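Scroll down for the structure; my scribbles are underneath it.
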Amino acid sequence: MRISLFVPCFVDQIYPQVAWSVVRVLEELGHQVDFPEGQSCCGQPPFNTGYWDEARTAARVALAAFRDSEVVVGPSGSCVAMMKVFYPQLFKGDSQELEARELAAKTHEFSSFLVNTLGVTDLGAKFEGKVTFHDGCHGLRELGVKKEPRALLANVRGLELLEMAEAESCCGFGGTFAVKFPTISTAMDEVKCASILETGADVVVSNDSSCLMQIRGMLDKQKSTIRSLHLAEVLASR
Amino acid sequence: MSDGKTIILNRIREALRENPAPRPHASHTSSDQEETPRDHTPREWLPKVGERLDEQIDLFARQSEGLKTEFHRCGTMEDARAILSVLVAEGAWKKIATHTTPDTSALLEKNRAEILKTDTGYQIDDLESCDAGITGCECLVAQTGAILVSAPSAGGRALSVLPPHHIIIARTSQMVPDLTAALELAKERYGNKFPSFLSFITGPSRTGDIERILVLGAHGPKRLTVLLLED
Amino acid sequence: MTTFASEFKKMAGRYTADLTHRAFIKKALSGYYQKRDDSKASFQSWQGARDLAAETKYEAVNHLDRYLVEFAEKIEARGAKIFWAPSAREARDYILGVARENGVRSIIKSKTMTSEEIHLNDALEKEGYGVFESDLGEYIVQLRKEPPYHLVFPAMHLTRGQISDLFQKELGSAPTDSPEELTMIARRVMRRKYCEADMGISGANFAVAETGMISITENEGNARLTTSLPRIHVAILGIEKVLPRLEDLALFLPMLATAGAGQQMTCYNTMYGGPRQPGEIDGPEQMHVVLLDNRRTELLADAEQRDTLGCIRCGACLNVCPIFKNVGGYSYGTTYQGPIGSVITPHLRGLQDWKHLSAASSLCGACTEACPVKIDLHHHLLQNRRNAAAAKPVMIEKISFLGFAWLMSHPSIYHLAAKLGRVFQPLHPIVNGTFLDPLIAWTRSRAFPNLAPTSFHEQWKKSRK
């Protein structure tokens, strides 16, 4: 299958290794990965803040970039939800509504694509360590991704999954919310990190890099030695 | 007064005119989503209840236990009287309130506490000073362990809530499987002449308002006893 | 920023900094989660029940005129008086009028958030009436002269020690740390009040059109006493409370109990169809039902958010909300706290004044998932943000996002800018966490990641072409 990679802007700039892990995993499965270079940001920041005109401007770039793609796969539940769930709303009544719907239909979150579209759960990965998994809220509640990452982690050799009590609690990122209401956002982050610590895991894994940025921010502040990795990075380890 | 009515109804009609709302959100997928078919009755989704009477009585008994309702199956009226006399002795009850039905009268036959009957009205303070209230009911609901009472079947509104111990006397024929059946029964029985008061009682009065810790007997009865007789 | 917004930020700052409070709220809710899950599990399908509840409310709300009239006619035929109150003031005036005309002296109330909404107690007290809240939690916060902290658990923020101190001071009772004894103190005080009161004021959880009844859900029995003993019963309810059929209660009573308190059924679910009927031995001589609009019809007119009128005020969305759990009930400054309050308050009290509540959310969606009637809560927060920005954009945001959108639609310039960012990044540690730091809102409490030496874009270009 020819798969177009959707790399959210902050993954592009901060976590390129996550995007490479996705490429590696998909290519090892024998698929052809391309990267439409016109892409930039999905438009979520202005969208979530209420500036839908500006969000549409950014989103049109994505519509153009992925116009010829067969399927689009991205390693962030949040940005994929933006395309899959919110583009159709954003473009309602717009001349590009149909295009937005088409993109929504062919876009998939990475773990859900592996499990539900490709039907694979064992990628032959090896990863020694105790891991706890954080469900990114958009992946979890907008896209209904919950079992998929766990099915994939279950087949990683050497990996022990320790569920945290607050697995489904929001990390507090929420885009511009994190800087508009830093005290609340940080309080949520504290709850999350306390729950991570409680498990005794040495790595926190998520299918959303934006959550990991928030969680890492707190762990670093607390000088914690717990590592944070994107699911793709774990699945690409050998 | 009709003014307010016209204003509100006009606002409502204006708001609803040519302005259809989206159906209950089809867009949302919950993470623990199962199949979500429509056009069903509550019965299909609510807790399941067995069809046989003994299953229903067992379920009612189990629910009662969780609710802290003191549930007794009584073979005969004599058994029921025995339970009552233990309660009277334990609590050193001086005064019991009730209303007249064949069963309440039979239950109280050999009792020696003073009796207050609410049949033709009562003084509030008088009723308040009673140690217990004994009433009948409309039906028992196996599904939730609830008892449906009404003004006529429970001696008015207050008898079943003001005294600190509420005793209900019922017959096995009054057992219904679920809430739907209980409401249907009330409709059949009263048609358009509903009593002004109907209440599902589900366990003794309780509160969790202090540190979410359960305390029984907040304002209503601290204890609820159900005496179930065979027909 | 409006004063409401800055007040919210101030309060939220104070409460999030109070770790003891946060831990206390967390602990208070932990038992609820367990019980709620157990109760949900007893359903054959909780999701099926949610769908049906949402459908039923959809039907009711989208034919609100028809069902309200049916309800009103049925209950009037049995002797109740209906008052249609377009606004809060008219509702208050009517209730004051009833009290005056009947020479009322003492008023007992059972829990009603609708009366909080219209500030009924203040109005009654100003006219010299003694008003007593009979619900234990409500009574406690009334004694403290505070509003309810949570729309279902009004006093959940208080420890038994605080309540004991309060009772000592206000009631002269002996100190105790037993919730049971504290409850009994309140029970004894309230017993006298029930017997003396000549007017009882209640809310209602549902109004049944088919049979002309209101239905009240409670655990303590205080609502039953409030509606049984005084000679006048006034029920105040929002116009959205109506349900088409009596059988609908078979669904809604257990759902409300499950979502609201983690019970399969609450202790008392009582249906009142009028004042004392001929042949009945007790109950009030008069029953007044106040149907309150107070801008609910504005919510109704917003088709996108009309489903919010299906709200059964169960509080489930508060209980799972990470914002609520951290900022607590008082930061909101609203009658209805938590997600539902953040959604509807802008409609009820002004979008520009209350839009900050819609912004103060990470949009995690836990509320929507918890809501028994499937109100699309977190998406409504997004819509409020959109509506607020469209009606009155915040200039600095508007300009930033215009710039952002322009940058993102010119990828080559965007990539150049990102490169520039890398040039300046080494300077960040110098200002990190100080007021000069452009990222201060983030870095004050969290570490900010470094940009990668080169972006994925650049790496891909190099390696794959």
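We just call them A, B and C in the order they show up, numbering each chain from 1.
Throughout what follows, a residue touches a chain if its C-beta (ideal position, glycine included) is under 8 Å from a C-beta of that chain, and two chains touch if they have at least 3 such contacts.
Predicted model only: the values in this text are computed from it and were never measured.
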item: Longest centre-to-centre distance from chain C, chain (CA-based); value: A
item: Chain pair with the greatest number of C-beta contact pairs; value: B-C
item: For chain A paired with chain C, centre-to-centre distance based on mean C-alpha positions, whole Å; value: 32
item: Intercentroid distance (Cα basis), chain C paired with chain B, Å; value: 28
item: Euclidean distance of C-alpha centroids - chain A vs chain B, Å; value: 50
item: Chain C residues counted as touching two or more neighbouring chains; value: 368-369
item: Two or more partner chains touched - positions in chain A; value: 140-142, 168
item: Multi-partner residues of chain B (at least 2 other chains); value: 27-28, 30-33
item: Contacting residues of chain C [partner chain B, same complex]; value: 28-29, 31-32, 42-52, 54-55, 57-58, 61-65, 68-69, 72, 78, 82-86, 90, 134-137, 140, 153-156, 158-160, 163, 179-180, 182-184, 186-187, 190-191, 195, 211, 213, 219-222, 224-225, 227-229, 239, 246-251, 253-254, 261, 263-277, 279-283, 287, 291, 293, 297-298, 300-301, 303-304, 306-307, 368-369, 374, 376, 379
item: Touch list for chain A against partner chain C, complex; value: 7, 9, 11-17, 19-20, 35, 37-41, 43, 45-55, 57-58, 60-61, 137-138, 140-142, 168-170, 172-175, 177-189, 191, 213-214, 216-218, 220-221
item: Partner chain A, residues of chain C touching it in the complex; value: 9, 12-13, 16-17, 22, 322-323, 325-327, 359-366, 368-369, 382, 385-390, 393, 397-398, 401-402, 404-409, 411, 414, 418, 421, 441-442, 444-452, 454-457, 459-461, 464
item: Partner chain C, residues of chain B touching it in the complex; value: 1, 4-5, 7-9, 11-16, 19-25, 27-28, 30-38, 40-48, 63, 118-122, 124-125, 128, 144-146, 151-152, 155-158, 161-162, 178-180, 182-184, 186-187, 194-213, 215, 217-221
